[in-house]
Structures are given as C-alpha cells and as structure tokens.
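Order of writing sets the labels: A, B, C, D, E and F. Residues in every chain begin at 1.
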Amino acid sequence: MRVTVCRKAHFNAAHRLYVKSWDDQKNEEVFGKCSNPHYHGHNYELIVNVTGTLDPVTGYVMDMKVLKDLIKAEVEDAFDHKNFNEQVPEFTDLIPSAENIAVVIYNKLFPHLDEDKTLEVVLYETPRNFVKYSG
Amino acid sequence: MRVTVCRKAHFNAAHRLYVKSWDDQKNEEVFGKCSNPHYHGHNYELIVNVTGTLDPVTGYVMDMKVLKDLIKAEVEDAFDHKNFNEQVPEFTDLIPSAENIAVVIYNKLFPHLDEDKTLEVVLYETPRNFVKYSG
Amino acid sequence: MRVTVCRKAHFNAAHRLYVKSWDDQKNEEVFGKCSNPHYHGHNYELIVNVTGTLDPVTGYVMDMKVLKDLIKAEVEDAFDHKNFNEQVPEFTDLIPSAENIAVVIYNKLFPHLDEDKTLEVVLYETPRNFVKYSG
Amino acid sequence: MRVTVCRKAHFNAAHRLYVKSWDDQKNEEVFGKCSNPHYHGHNYELIVNVTGTLDPVTGYVMDMKVLKDLIKAEVEDAFDHKNFNEQVPEFTDLIPSAENIAVVIYNKLFPHLDEDKTLEVVLYETPRNFVKYSG
Amino acid sequence: MRVTVCRKAHFNAAHRLYVKSWDDQKNEEVFGKCSNPHYHGHNYELIVNVTGTLDPVTGYVMDMKVLKDLIKAEVEDAFDHKNFNEQVPEFTDLIPSAENIAVVIYNKLFPHLDEDKTLEVVLYETPRNFVKYSG
Amino acid sequence: MRVTVCRKAHFNAAHRLYVKSWDDQKNEEVFGKCSNPHYHGHNYELIVNVTGTLDPVTGYVMDMKVLKDLIKAEVEDAFDHKNFNEQVPEFTDLIPSAENIAVVIYNKLFPHLDEDKTLEVVLYETPRNFVKYSG
C-alpha cells in the first residue's frame, strides 16, 4: 500500500537571474527586472512529497518529524535569509531560477530517503508562480 | 530533465447550467439552483501547469512572463466579466460547467505551446469545488 | 469583558453595476466592464463579527450555531445563486456594489442581535477587493 | 475525455497515536507528544478527487452535489467532533495516523462510485502536514 | 508614531465544552456535539497583535523574535498537543471555549509587554470560526 | 454612512536591516540573520484600507480601479523587484523594517486621497509576520 506524505516548509532569500557570459542588455531582454544587479527576493514556500509503503505497525510512511528535521537541515538552514547567487555554493555557476532551486532541493533530499521512496518537490516563488520536480 | 512550471490566474464571470432541449423542470431537477435563468457567477481561479525540458542556459522551462501573457490573451481577456452562455462563443452549444470550461481553456492554450510541452489545467469554480484536465 | 466572535460564510451571485438613469456610455465610463449588461458574478466570502459580553457560565458571547443559522437564513438563502439586480428585492433601486451589499447584510442581521451587541460585516467580492461596514 | 472533479470537506476530531502492545516509554519514543494519553485534536481538511468520463449532455463527470452528500454521509457524519480511538469503529485496532485515516476514507468512498471512476484522497492533518492516497 | 506588529502561531489540542454542574442532557442541548465526553480537537491558529511606539533607531515596535519566543513559551509550549480540560490548569474550572482561550492567552502575554504596549489576540478555532479579544 | 474599501497588492524586494553607525557585531546581535550584508528578500503582500462616505449614486466609497492604479504607481512600480537599501530613495537613511515600509507607503498614498478619507496600511513581510499603520 503506497501513500504520499507531504510537508510544507518556508525560507526567504535574495537572488538575481542572469547569465554571466551575457552583457547587461541581453540579460535585461531575457530576464527583465529579475536581472536587477542589486537583487530582489522572495518568501519561498516549499512542499516536499514523499511516497512510500505504509508501515502496518506505526501507520507511518515515514516519521514526519524526521522529514521536518531533514528539510530544516538540508534546505532551511542552507537557504534561509541568504543570497542565492553570492552565498549558496550550488548556485555559483547555476542560475537560481525556481526550476533550478527545486532541482537542487530534490538532489539534496533524495539521497537521505530510504530506497523504496519516491520524491516530488513543489516550490512556490510567489503565490502565483510555482514549479514541480520529481526526478 | 523535465520540470513543471505553474501559473495562477483569475477571472470572474456569470453562467447558468441548463440543457436547451430540456424543459425548466428537468433542468431544475438535474442542475438545481445552478440552472437559475437569471444567472449566477463565480470568481474562477485558474492554475496552468506546463511540463517541459529545463533549458540549461536560462534555467527556464518557459518564460513565465510569456505564459502569463498567453493566459491573459487566451483566457482572461476572453472570459473576464463575461456571461459564458451569452457572450463566449465556445459555449453557444456547450454547457459552461467547470469541467467544460477547463477543457476549453486547455484547447485554447495547448496549440501555443512548444511541441515537447505537456499541459494540465486546474480550475476552481469555488474554493470548495474544482476540476483538473490534462488532455 | 467584551469579546468578538467571527463567522465566515459564502455565497455566489451575478450582478452588474449601472445607474438606471444614465445611458450605456456613461455607465461604461464609470463602471467599466462591471456594467456589462449580460452580468458577471462572484464568489462572495462574508465575515460577520459580533462583539458582546462573555457569558461566564457558557464561555460564549453568543452560540456560534445560532449565528451560523442566522447568516444562512438572512444572507445565504436570500442571495446564493441569485442575480442581485433581478432577483433580490433590496437591490431593485440600489446598485449592488460590494459596499451596498455589505450595508444591506448589516441591516438584515443587526435587528436579530441582542441589544448589547455590536456588529461588523466584512465582504470579499474577490480575494483582492473587499469592504467593511460597522453601522 | 477524462476529467477530475475535486471537492473539499472538513471535520475536526481528537486522536492519539500509540501501539497498544507497546509500553508508554516506547510509544513516547516513537510518537512523541502525539501519543499524549489525554488526546489532542485537529481540524482535518479533506479533498476528494474523482476522475471519470465527461458526460457530453450534462457537462458533468459526476454531480458535485451527489459527491458532497456522499462525503457528508460517509466521512463528516462519521468522524466530525469524534474521538477516533474511542468512537470510530475502523480505528479500534488501527492507529489513526493521517495515512490510515486517508486509506479508510478511500475505502469508504470508493464502493459508492461508478465503475469507470478512479479516486484520490488528500487529507490535511494540519496546514503543514498532509497525505495522499489513490488505492 | 504608533504601529501594530502581528505574529501568527499555531497549536493543536483537544477539548470538550460542558458545564460540570449540568447533566449530560442540558450540556448536549447547549453545546451540541461540542460536549462529546470523549473530546474532539482543533488546529488553533493564533494571531498576536502588539501596538506600540516605533523605535526610530531600529525601525522596530518590538523585536519579532522576542514576540515569537514569548508566544512559544507562554502559549505553544503550554497548549500544543494537550487536552485543555484535563491538562491545562487555567481550564480546570473554566470552559475552554474559543472566547475563554483567547482571554487566557491575552492574560498570559500582556504582563510580559512593555507598559506602552497594547495587545489584541485573534484565535481561529476553525477556518470559519474565530474570536478577538483586546482587554 | 462610512464604509471601508480594501485592496490587496503585491511586490517583492530585497533588503537588509542594519544601523549604519553600528559595527557588524552589534547589527548581528540586534537584527540576527536579517542583517546579512548580501541581503535577503520577501514577497510583500499589501492591504490598503480606505474609509470614506458611501456615494449614494454610484454605491462606491471610491472607484477601486483608481485605488488599484494609485497603489501601482506609488508602491508597486517604486518597490517591485528592487533592493530597498540600494534603490529606493526613502530608505537611504531609514531602515527598511516592515514597520518603516508601512509608514512610507502610508505617507505616499495619503496625500492622493480625498480629504474625508482615512487610511490604514497592512503589510505582510511573510505569511507569519505583518504590521499595521493608520497614521
């Protein structure tokens, strides 16, 4: 019996979107005000969905406290109140678009899950813009 | 690498649910107060989910501004503050149920997406009633 | 000891905004697409706030079930799935703007409350536009 | 043409998480404060998603009023303002974790749906913790 | 210059509403299913509003981290995952209605605030029922 | 007859909290991670409440489209996707705390309102932290 357990988390951060090898004009054309060199920022809302087998003794797919602590250690402590471009190593050579941030979160969380689990990451950049990635 | 990008939009409109070939009594039996001949209306909340390949240069699946403008042109400008039964041509011979509105939105948006993209439309008729369609 | 108890309710309806003595052009100028002669509609979210003295025996300001039933009888049953302009008598000669709907709701509910109570009505026409009236 | 219709519902209840054959210390270790012998409780938010064929005459997958009444009869009337461990027979020998409650809801609703329908149950235990089950 | 700072918090708990000196029938008449002797429960959402003078140096009315920690110590640690009737001393002889819980929270928080501050407590028992108290 | 009309708006921006005349250690002590020299950011949600006399002809306190355009011109265009410390002149010598941003918004909007109007600004820095200012 496969069930999905879902946990919401939150962090806020600054970023800018730009390709280093492009000049300002091209970055402005492609990324608009998201390429502002002085940065802007977001309250990111994260939903982590883990699908696995229901344990018949505990009634758990996995302990939600373990999942909460994993998200805190791997995501919130690493990203909260940070500047993605300047202070988060994964984005030194990677544009911190919502898509890429979701992929990075997936890659940080997945190795910590048991083998039978599958993972989906949903990341809200704003209440109107969000992305999903499941490997 | 396939990622889904999601965009919320909004419009409000009037409608009534009824089958033209049925009499008032049968429409009332099947559709209840939704068949009120004087119409009623809703704030429709729309979520458009587009799945595609992540561009390694821009970090985008597609430019969300392009998606936002597409939704505005095809959906919001066509439906907002309108009466579905009287003023939206797609519903001249089609009941404007939430299900049918979602299918119509899918059919209006899909031809504008690149070939490698897949599409899902989620439409809230009220905060408690909503529908999903993905082709 | 004065405490406020608050109850949310919901109805949806059609309306149009126009002054009967004005021509179409002037109504269009003042009310824009809200004056569409074929109507449009909304999911109205209502919050009713009643302030009164805390009963030391029951711990209640008033029984929320009584408040819920009052809102149902006076507001939801009267407005839900209706056309304000055509089917709600209070709006025969009154523009069904959010402001006026809130005032009408206040005037319908207030006489049913005990003398020591005060009332505030909050009415959401959309998630982004709402009004408040407290007599 | 397959479309999904979704309906939100609500109930609140008390529960505790514990394995009857374990002593208090082990239950405390595994379930933490969720094993409090005096119970705690939640406002459960339920989303029921039914996928089926769109009826070309009515524009319905199924009548949402029928779905609403089914959820009320099978879930809300059975669980609302109850203690899962003490008053809901399905949980006499089953831990009322969010996962198990979702599975029980699925099993109560599914037999009432037409054969061509599929079902997904989403259950929020808190705004930050929720589960999904689709058989 | 007076500004209000607001902080949301969360706890969940079990309770029942009943007057000890009344028999079961009278409690059932007055409190309905809320008087269930086996308890039921809620996810309580709390908003704490503190009004005070804006500090011209820090731009703060009060440090929100201090407010967050105060709410955690006085409210969340005391109430979360508890049974109000059985495990929270303030309710040994006081009905744990939303109104009374809000008053108790006010009385627990207010003495910790500086003299120039005023306080309002908003407590959601469900998303549709909530109360406000400001002393 | 006085009624309040309320309009929600949105912008996102980067900021840091620090007193220029303090050293890094003191800023860190007072503002914690909010003083990160590389900035962080937020999705700010704004609610603007205008109270005035109900016009008996139009049923309006003020045209919500005018209010929407005023908020866009004075707030969204000035703050959206900006760095408060570096790019918004009002904050050259003022800490961009939520409190100060709310006061600045009030001072920008108020002169544009008719004399009989009063104004309240509510600003959410995160879904859990928000402030209110009414002059």
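Brief remarks on what is shown
Quick note on the criterion: a contact is a pair of C-beta atoms (placed from the backbone, for glycine too) under 8 Å apart; a residue touches a chain by one contact, two chains touch by 3 or more.
Just so it is clear, the model here is predicted, and its values are computed rather than measured.
Common neighbours of subunit C and subunit F, listed by label, are E.
Compared on C-beta pairs in contact, C-E and B-C come out with B-C as the pair having more. Residues touching across the subunit E and subunit F pair largely diverge in numbering: under half of the numbers involved belong to both copies.
With every chain reduced to the mean of its CA atoms, the largest distance from subunit A is reached by C. Separating the CA-averaged centres of subunit D and subunit E is a span of 28 Å. Measuring from the averaged C-alpha position of subunit A to that of subunit E gives a distance of 34 Å. In subunit E, the residues that reach two or more other chains under the touch definition are 127. This structure has the following touching chain pairs: A-B, A-D, A-F, B-C, B-D, C-E, C-F, D-E, E-F.
On the subunit D side of its complex with subunit E, the touching residues are 10, 12-15, 33-34, 36, 38-43, 80-83, 86-87, 126-127. Of all residues in subunit C, only 17, 19, 30-32, 94-100, 102-103, 127-133 touch subunit F in the complex they form. For subunit E in complex with subunit F, the touching residues are 1, 3-9, 49, 54, 57-61, 63-65.
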